[in-house]
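Below is one structure, written out as structure tokens; the observations come after it.
Order as written gives the chain letters A, B and C; numbering starts at 1 within each chain.
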Amino acid sequence: MKLRYAVLLLCALSFSSLFVGVSSLSLFDVWQMTEEQRQIFWSSRMPRLLSILMAGAGMAIAGLVMQQLTQNKFVSPTTAGTMDAARLGMLVSMLAFAGASSLVRISVAVAFAVAGTFIFMYILERVRGKDPIFIPLVGLMFGNILGSITMFFAYRYDLIQNMTAWLQGNFATIITGQYELLWFVVPIVGFTYWYADRITVVGMGESFAKNVGVSYRTVVNIGLILVAVMTSLIVLTVGMIPFLGLIIPNIVTIFRGDHMRKNLPFTAVFGAIFVLVCDLFGRTIIYPYEIPIGLTVGVIGSGLFLYLLLRRQRYGL
Amino acid sequence: MILAESVTKQYGAAAVVDEVTASIREGTMTTFIGPNGAGKSTLLSMVSRLLKRDGGSVSIDGMPMEHFHDKELAKKLAILKQSNEMNVRLSIYDLVSFGRFPYSRGRLTAEDRRVIDESIAYVELESMQNKYLDELSGGQRQRAFIAMILAQDTDYILLDEPLNNLDMRHSVQIMKVLRSLVDDLGKTVVLVVHDINFASCYSDFILAMKNGKVVKEGRTWEVIHPDHLKEIYDMDFQVQEINNQKICVYFS
Amino acid sequence: MGSKWKIILLILVTLVLSTVFMTIGADGNWEYVLPRRGKMLAAFALTGGAIAYSTVVFQTITGNRILTPNIIGLDSLYLLVQTFIIFVFGSLSFVMTTANVNFVLSSFIMVGFAFLFYKLLFRGEKHQLYFLLLVGFVLGTFFSSLTTFMQVLMDPNEFQTVQNRMFASFQRVETDLLFITGTVFAILTLLGLRYRPYLDVIALGKDHAVNLGVPYDRIVKRLLILVAALISIATALVGPIMFLGLLVANVTYELMRTYEHRVLLPASMLVGMSSLLLGQLVVEHVFTFNTTLSVIINFVGGVYFLWLILKERKS
């Protein structure tokens, strides 16, 4: 498939996303919007679309980078504890830095995500029997451990209901002033694209990287930080979107092979398309109510993941 | 006698072992040789029931393998694979006593202990029988596993690349142990070996495989011949007799 | 110290903890305190024992000390069932208020799920254990997604009932349920003991086990179903405690330092019961009920476990 068509599809979907919602706003109104409609368009519809695009592309690329670094198709921020670490960070920042500026609180969450991802990599170097299927199991267990620690504090400070809300990705509450953090995803994606070849080299192994003169540690660390920052920004603004980073890169790989820099634009576009479709689906299926994106992606994502697993079992991915 | 008839293993469309028929004579040492990916280990795994066949049959002493009770088969035939990573921490004595499991289900009798002691003595590990496996060198570990298989007291002993990762001295030591199993105890030993000269110097029969098929089968003395070897490995060999043993030279 | 002495020591520790738990701060209110705490003590013994036993067996089968049998999504399924009942019928419905009905329903659904799961996935030859577990885990995530969705749509008062179900509770247990589960556990454990000799060999890995005459596939399948049944019933009785098994099994290995299941299984059951007792004492007297037993067990289990994998030498 040509990238051109994918982008066209994305544009069409984006366009229709702008005109789906409870308040009536049809295509024909664009040129003569009432004050109220303009309000809705710029402070709700547009931010929603933008955050979907950035979150979808960002999560997909975070997954791609992790898979390259670990050389394992089943590793992603969901299966490496990154998301759970970010969530623990959010809780800690709420408890310990309640009065601090939002920048401080965001930094705390990001720091936790980075630390969590590094611990996962540290564990990876130590587990025996690197069965590719075993690695994501370790990561998921690790995520659960972090989850239990989060739960411990949340229970003590009566924050469980807030936590449930973070658990579930949701675009419905996105309005101007709450999603701008996501803009950081754009430069990070740009940097990743520029950095992609080095990440590919590192994926081939430490000795290979050294042999072609690439500093293994530095690149791995930078790659992990990129992933962790991107993930925590997305968890902070829209919540957890499970499996996205896992399935999109895998699907792209199936028909495009493994060259990271060439795959990156596809991965980004397909990530955005996937989230957009899930979001449109969630908004229309029980209209005028909405199914949160966390659920639609959770259901469709786990289905697709199972399919990928079974497929690998049959053909080897 | 172990008889394999048109045994087949397929992965996807490719047959790794393609309708192989082979027999293994009692009281001899038979070596499987061949280039990488020829299907030697796969054949050995199927003959030892570790791997299910996609076709064909295997019989042991005239009885189809499936007709044996699991426990009875474990008293008849033992298999040692090449990688023996353990999740549990065991001493040599513990490991070897597992060889008696088919007989006593974990409750060792005096007879079991006698066999265990003998097996450990046979591979000369008595002095360190209480050491743990992770404290041993590669050669000692391999001997410990062989002792376990000895304690199993089977007629047939199958080994998949037992010389892997061993230096020359340990390799010779292991091969001598295996040889004496045949000569002194009348066992039947089948093994996969990569070093053609070990096969030539120690085994009675050679079964050569290539691309999932048997290309040559017979007495060692006959198979070790430049023409046959060229057919098997697609390279030139010189065969020289030194001390009544055929040695293959293929380095240049 | 020999294994025998260690076991005796563990029995003593369990007895001391039980006595402390039964008597501490009773103030002579024996008629009130004894039956109430006795019930909890029985629940600790049953769930602690069942979860410990099944985790050790499960880890032996998987050849791994960092996996728990809950991994196939049983906890998530339990919460899904509870949430679904409350969502559809309300928290005052017959099923929610009658503990016995709820217990029977939940355990049947979970055991049925586990049975079907293994049945379907063990068909065909090419199964791999880790593959199986990952599929289970993904199913768990699927269940959680559905659960969260219903919870978000739920009335806040109803949500309170769900939240109570999210944490294991030993106070909630009914006396007649204890007798039922006690009997079922005893039967299952005895059934499992038939395979006890095989466990030591299975721990060596599949190839060695087959070589030594273990009917591997058949036994592993039965044991996995047994494990799932034990875990399901324990969860249906008190609620989910994911990390209890992990904590208990690993403490047992460190303590006993042996591979023999003859020793490991009873030891782990004692450790399981003691951990719950200790946890409950901490909840009551250190945190003064400001947390719950399952939260604290999961916390301690999680942290201990993290430490355990981090100290593992690089391989």
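Here is the rule we use: contacts are C-beta pairs under 8 Å (C-beta built on N, C-alpha and C of every residue); 3 or more make two chains touch, one makes a residue touch a chain.
By chain, UniProt protein names: A, C = Iron complex transport system permease protein; B = Iron complex transport system ATP-binding protein.
What you see is a predicted model; the values in this text were computed from it and never measured.
Q: Per the contact rule at the top, check every chain pair and give me the one with the most C-beta pairs in contact.
A: The largest set of C-beta contacts joins the chains A-C.
Q: Could you tell me which chain lies farthest from subunit C when each chain's centre is the average position of its Cα atoms?
A: Centre of mass proxy via C-alpha means gives B as farthest from subunit C.
Q: Can you name the chain whose C-alpha mean lies closest to the mean of all the C-alpha atoms?
A: C
Q: Using mean CA coordinates as chain centres, what's the subunit A-subunit B distance in Å?
A: Here the centre of subunit B sits 51 Å away from the centre of subunit A.
Q: Any idea how many Å lie between the Cα centroids of subunit B and subunit C?
A: Roughly 43 Å separates the two chain centres.
Q: Mind checking the centre-to-centre distance between subunit A and subunit C? Centres are C-alpha means, answer in whole Å.
A: Spacing between the chain centres: roughly 33 Å.
Q: What are the residue numbers in subunit A that touch two or more other chains?
A: Only 128-129 qualify.
Q: Please output the residue numbers of subunit C that touch at least 2 other chains, ranges allowed.
A: Where subunit C meets two or more other chains at a single residue, that happens at 63-64.
Q: Provide the list of subunit B residues touching at least two other chains, using ranges where the numbers run on.
A: 85
Q: Considering the complex alone, what residue numbers of subunit B touch subunit C?
A: Subunit B residues touching subunit C: 48-50, 52, 70-75, 78-81, 84-90, 94, 98-99, 101-102, 105-107, 152.
Q: Help me check something: in the complex, which residues belonging to subunit C touch subunit A?
A: Where subunit C meets subunit A, its residues are 63-64, 66-68, 71, 126, 128, 130-131, 133-135, 137-139, 141-142, 144-146, 148-149, 151-152, 159, 163, 166-167, 242-243, 290-292, 295-296, 298-299, 301-303, 305-306, 309-310, 312-315.
Q: Touching subunit C in the complex: which residues of subunit A?
A: Subunit A residues touching subunit C: 74, 119, 122-123, 125-129, 131, 133-134, 136-138, 140-142, 144-146, 148-149, 151-152, 155-156, 160-161, 164-165, 167-168, 242-243, 291-292, 294-295, 298-299, 302-303, 305-306, 309, 313.
Q: Sort out for me which residues of subunit C touch subunit B in the complex.
A: Contacts found on subunit C: 63-65, 125, 197, 200-201, 203-205, 207-208, 210-215, 257, 259.
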